[in-house]
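First chain written, first letter: the chains are A, B, C and D, and each begins at residue 1.
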Amino acid sequence: MSTMIKVAILGASGYTGAELVRLLSRHPRVEMTVLTADRRAGRTMGSVFPHLSGLGLPDLVAMETVDYSAVDFVFCALPHGTTQEVVAGLPGSIRVADLSADFRFHDPETYAAWYGHAHMAPDLQKEVVYGLSELARPEIRKARVVACPGCYPTSAQLPLVPLIKSGLIEADGIIIDSKSGVSGAGRAAKEGSLFCEVTEGIHAYGIASHRHAPEIEQGLSLAAGKPVLVNFTPHLMPMNRGILSTIYVRMSEGVAVADLRRTLEGHYAGEPFVRVTPEGVVPQTRHVKGSNFALIGVFADRLPGRAIICSVIDNLVKGASGQAVQNFNLMMGLPETTALEQQPLFP
Amino acid sequence: MSTMIKVAILGASGYTGAELVRLLSRHPRVEMTVLTADRRAGRTMGSVFPHLSGLGLPDLVAMETVDYSAVDFVFCALPHGTTQEVVAGLPGSIRVADLSADFRFHDPETYAAWYGHAHMAPDLQKEVVYGLSELARPEIRKARVVACPGCYPTSAQLPLVPLIKSGLIEADGIIIDSKSGVSGAGRAAKEGSLFCEVTEGIHAYGIASHRHAPEIEQGLSLAAGKPVLVNFTPHLMPMNRGILSTIYVRMSEGVAVADLRRTLEGHYAGEPFVRVTPEGVVPQTRHVKGSNFALIGVFADRLPGRAIICSVIDNLVKGASGQAVQNFNLMMGLPETTALEQQPLFP
Amino acid sequence: MSTMIKVAILGASGYTGAELVRLLSRHPRVEMTVLTADRRAGRTMGSVFPHLSGLGLPDLVAMETVDYSAVDFVFCALPHGTTQEVVAGLPGSIRVADLSADFRFHDPETYAAWYGHAHMAPDLQKEVVYGLSELARPEIRKARVVACPGCYPTSAQLPLVPLIKSGLIEADGIIIDSKSGVSGAGRAAKEGSLFCEVTEGIHAYGIASHRHAPEIEQGLSLAAGKPVLVNFTPHLMPMNRGILSTIYVRMSEGVAVADLRRTLEGHYAGEPFVRVTPEGVVPQTRHVKGSNFALIGVFADRLPGRAIICSVIDNLVKGASGQAVQNFNLMMGLPETTALEQQPLFP
Amino acid sequence: MSTMIKVAILGASGYTGAELVRLLSRHPRVEMTVLTADRRAGRTMGSVFPHLSGLGLPDLVAMETVDYSAVDFVFCALPHGTTQEVVAGLPGSIRVADLSADFRFHDPETYAAWYGHAHMAPDLQKEVVYGLSELARPEIRKARVVACPGCYPTSAQLPLVPLIKSGLIEADGIIIDSKSGVSGAGRAAKEGSLFCEVTEGIHAYGIASHRHAPEIEQGLSLAAGKPVLVNFTPHLMPMNRGILSTIYVRMSEGVAVADLRRTLEGHYAGEPFVRVTPEGVVPQTRHVKGSNFALIGVFADRLPGRAIICSVIDNLVKGASGQAVQNFNLMMGLPETTALEQQPLFP
C-alpha cells in the first residue's frame, strides 16, 4: 500500500477551506493532519461546517501552533495579503498550493499596484508557478509553490489563451462580462453578502477596478506576446456557486466561428475537465455545480467578424479548491483526476 | 367628479395582465370593466391570482364575448402573433396600448423576417406609435394605438438613444449584455421556466438570435440616422423581476465619461421615472423592483475610449405594464405618474 | 387643506425603518421631518437605501441631535433593549408607535425573564397599549404609546385569539410551526444571515426558546382567561419577506372545522386587511408580499377533533411597519387604510 | 476482477432517474446498459441532462424496445400508476428497486383507496419488501423487488419507528410538519412548479390528503402494533433539494427528551448514513444536500411532556435515488455505502 501524504490546510474555516476538506476527504492518498482557523481554534470542523461532520478530522488549531515536521504538503486558503509571509515562513521542504492572490503576479510591482502594499516575498515569487492546470502542466509538476488562479481568471483564460496563441482572435478590445455566485465573497459577515441584499436582483461591482483584471491581463499578455488590456466587469447574482463569463471577441481577418470551436476542441481534446459544448449548446453554470468541470461554448455574433464565448465553472471547485487539488495531484505525480471525479449536482 | 374611463384588459391571466390589474386598481380614473382569459373564462381573477383578490373585479371572460360598446380603452396583453388580428378588429373609436411585439416594427418586413409569418395588419401598423414614453411623448399623446416596447429594448434604448443622438458614442459595435428575471418568460408551463431549471445558475439564451435585437436596432438606427447592428446577448437568472443591461460602448473622439453622464442627466432632468445614478453608484435591479423607475449608471472602462453603462428596470413595470399605464396616462391627458407613484419594494 | 403631521423615525437605517419610509412616503398627511441612524448619521437615505432615493427626505442624523419640538409623532424602530430609555425620554406630548419588543409585555417581570435585564421603564409600561390593530382598536385610538406586536405573534394571534375567545378550540396544546423570510433578522451583518448560509435550505431555530413565545402566550392567556403555554417553533427559510404559521389545534367537543371558519369570517368581516380564504384555498406568503394583508385558511385534520390553520403575513408590513402605520392612522383619527392600500407584489 | 452488474434504469429523464445515473456513474460494480425515456427516445443522456455528459452512457430508448436478456437489475423510476404493470411484466430473474409508490403498501386496498384505481399486481405485491434500508436490512437483502420509500415517509419514519417501538413516545396524535424543495415535484412542466410561482414564498399543500400520509401511517402502525393516524402537512418552499420534517410528539409517562436522544443514538450507532445531532445542534437541510445522510435532532418542547424532532434528508438521495442504490447494494451483497460516500455540497 502507498504511504499517505500528510496535508495541512491553512484557513480551513472559510468556504474554500471547507471545499478542500470536502474534496480531499475522498482522496485515497491524503491524510489531513492539520486544519487551522485562528478565530475558531479548538473547535471541531463539524461544528463550524456541519456538512463535514463524521470525517475523523483533527480539530481546528491556531496557525502559530502548527508543527510542520509532520506535514508533507500545505494548502493555503488564507486571505489575500496575509499569505505571503506565511508561505515564505514555511520549511523549504514543504510543497504548497496557495489559493490566495498573493503569488499570482509574476511582477511584484503589479501586485503592489493593485493590492496597495509592497510584495512581502519577492524572492519566493520568482520560483512560484501560476497554476492554471491545463495551461502549465509541466511547470506545475515541478513547482514547489503553485499560485492557484482566481475564479474569474480561470473562466476567462481557459478559452482565451489558446485562441490568442493561435492568432484566431484579436487580443485587443476583449470584453469579459462575468456573473458570479455569492460564495466567491467568502464567509465573512458583510452587509453586501446578506441574503436580503443579494437575492432577487443583480448588479455589477468593481467596474474597471476589480483585482482579477490584471491577473487576466497577465495571462493574455503572455499569450499574445505583447501587453493586453481587457474590459472585465463582474456581477454579483443570487446563487451559491458558479461563474459565467460571457466574452466578446473580434476574430482575425478571415477567421470563422467554426475555426474557434475547432481550435478549442483540439486544444482540450483528452482533457478530463475542460469541455467544448457542441454547436448550439449553451453552457449553464448549474451544469458544473460541485464539479471540477469547465464548459466552453462558442457562438457567432450578429456583428460581423465578432464571436461570443460562454465559459462556466464552479467558482469553489475549478475556480479554487478543485483546481488546487488538481495541481496537488500534478505536483505529487498522482493521477490528475483523483478525488475530482464526481459529477455535477443538478438540480 | 371626473368620469371613469372604462378599460378592458385582454389577456388578464398572464403576468403582464396581472400587473396591469395591480397598477390600475390604484388608478383613480380607471374602471376595469372587462378582463379576458380564454382558458380561464368564468373564473374570478382572485382564483387565478390570489394577490388580486378583493378588488371588486369582473370575472374573466372569453375574448369573443366582449361587448366593446362599453369600453373606452383596451390594454392588450396577448401573446405575440395573435395580437395583430385582435387589435385590427377592434372598433376604431377605442384607443389601445398593446404590450405584444406585434406592432413594434415600423417595417412589416422586419416583423415577418423575425416572427416567421407575414404581418397581418400592415395598414394599421402605419398609424401605430412605438411607445417608449420618454422618447416619444408627443406622438404617444395623439396615437390611437401605441405599441409598448419590449423589456430589453426599454432598458437598452433609454441610455443609448440620447447618447447616439448627441454623437457622443459610436453607433457601431455596441455590445448589450442583458440579465433578466424569470417573469419575462411568462406564466406558461415550460420546462425551461421550472424552479429547478432556473434557480442556482445562469445561462445565456437566444444568442445573436433574440427577437429583441431588431427592435433595439430599429431604435438605434433611427437615432443614428443610419442602419445599426448591435450585439445583444440575454441571460436568464434566478429572480422574479428585473433586467440589468450592461452596455459596452466606444466614445467618440475626445469624449469623456463625464460627458456621457452629463448628457444623460440633462436629457432626463425632470423625468419622473428615469434617473442617472451619481458617479460611482452602481444601479441594482432590486432597487427598482415593483416600480416604474429606470436607473442608469455610467462608468469608465479600462479600455481607453470606451465606457460601460448599467441600465436597470423592472421588466414587468417599466418593461411592460407600467410603461403601458404611463402611455395610457399620456394618451388620455392624465398626469403621467398616476397609479405609478409607488416606491420599489426592497428587500 | 389639512395640516401635515410631523413624523420622526428613530432607527431609519434598518429594514423596518426603510419600510416605514416606503409606506409613509405615500401618506398624504405625513411629513417625515426626522430620520435617525447613529452609525450612518450625515448620509442621505438614498445612499443607504437606494430604492428610497428622490423622495426629498431629510438626511440621517444621530439620535441625540434630534429637536423634538417640531415632531408630532415618533415611530421607534430601534433594537430591543435600547428602546425603553429612548421612549421614556421623549416629551410626553409626543405619541409613539414602537416596533421593538420593549413594551410588549404587560408584566415587566416577563420582559426581564426573557430579555435578560430588568425593564427600564416600568411606569411607562402601564400606559402602553399592545397594538394588534384589529384586536385592540379602541385602546389604540386613545393610547399615547403603542407597542406594535412582533411578526410571529401577529400571524399567530390573528386567528387564535378569536377562536379561543369563542371557546371553539382548546387553549392548551396549541402547536405553532412558523416559517419566516430572512428580513426578519434585520440588516445586521451576521454569518447566519449570509446568502450562502440561508439559501437552498431550511432549519428551525430558537426551538422552545424564542422570545416571541411569551408574547404569543400573553395574548392567548388573555383570550382564554387563564395561563396558556404554546409550542412555538420558528424556521428560517430563503425568502425576503413573509411568515407562514401553520397552527395545529384541538377543537372543543362537538365543534367542526366549518365552525372555525365561520367564526373567523364573522370576526373579520369588514376588516380591510384580514381575510379568511375560501374553503380549500391555501394561503401563500407570496400573495401578501409588500402589503398589509393577513390571510387565514382553516382546514380539517386527519386526526379527529383537530384542525389546521394557515396564517400568512408580510413580516415587514403587517408584521412590523405596516401595522405601525395602521396604528398611527388609528391614533391620529385618520382612515385606517391610508398609505396601506397597495396590492401585494406578485410574482 | 469482479464482473459488472448490468443495470437498466427505466425512466431516466426525470430528476430521480438522473440522480440514479449520477450516483451509479461512480459505482465500481455497475454498468448502465439501458436507459429508457419514452418521449426522449433516441436522444443522448447528455442532451437531456447536460451535467451527465461524457459518461459513456447508452442513448435513451423507448421502454418497449428493451432487451432484458442482458440486464441483471432494474431501477424503476417511472410515474406512479404505470409502474405496477411494468414491474409485473419483467422477467422473474431480474431484481428490482422501484422508486414509485406502486408497491409501497402491504395492503392493495390502501393503494386503491389513495391512488384511485385497483392495484394491478396484487400477487407480486405480496413478495415486495418496503425498503427503508436501516429498518429492513435483512428482508431487503433477500428481496427480489424492493419498494423504495417516499421522501417524506423516509424523513418521518427514521426517527419515529424506533421511538414508537421503544415505547418512549405515544403513537397517537403525532404531528408532522414537513417542508420540501421543489425537485420532489419532478421535471414535469406544471404551473405550480414554475420559478415565479415557487420562489420568494411558502405554502402548505395536500393538507390532510397527501398520499404520503398513509405510507407513514403504515410504518408507524407496524411499529406500534395498532392502527395509527398522523397529521402530515407538507409545504413547498424555494430550494432545489431537501426535506425537513419538524415532528411534534408526546412522550410516554416519565420519559425525558434525553431518553429519546439516547435511544435514537443507540439505534443508529454504527449506521453510515443516519446521525443524531449533538444536544442543541439543529439539523439543516443544506447540511445533507447531495448526500445520502439523514440527520435527526431531538429537542425539549415548552409544553410539558412533549418533544420536537427535526429530521432532514436530501429528497433526491436518501429520499429517492440514494436509498435505492443503498438497497441495490444490500440486495447484491455489496458494501452498503458503495457509490454513496460523497459528502454533502455546501454552500
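Miscellaneous remarks
The rule is short, and it goes like this: a contact is a pair of C-beta atoms (placed from the backbone, for glycine too) under 8 Å apart; a residue touches a chain by one contact, two chains touch by 3 or more.
Bear in mind that the values here come from a model prediction, so they are computed numbers and not experimental data.
Chain centres computed from CA atoms place B at the largest separation from chain D. The pair with more inter-chain C-beta contacts, choosing from A-D and C-D, is C-D. Centroids built from CA atoms put chain C at 45 Å from chain A. Our note on geometry: chain A versus chain D, Cα centroid distance of 36 Å, whole angstroms. Between chain C and chain D, the centres computed from C-alpha atoms are 39 Å apart. Among the residues of chain C, those in touch with two or more other chains are 15, 183, 196-197, 199-200, 238-241, 283-284, 286-287, 289, 347. If you check the complex, the residues on chain D that touch chain C are 173, 175, 177, 179, 181, 196-197, 199-205, 207-208, 213, 229-233, 235, 237-242, 244, 246, 248, 282-287, 289, 299-304, 306, 308, 310, 312, 347.
Touching chain C in their complex are the following residues of chain A: 15, 182-183, 187, 189-191, 193-200, 238-240. Chain B meets chain C in the complex at residues 15, 18, 22, 25-26, 47, 49-55, 182-183, 200, 240-241, 275, 277, 281, 283-284, 286-291, 295, 341-347.
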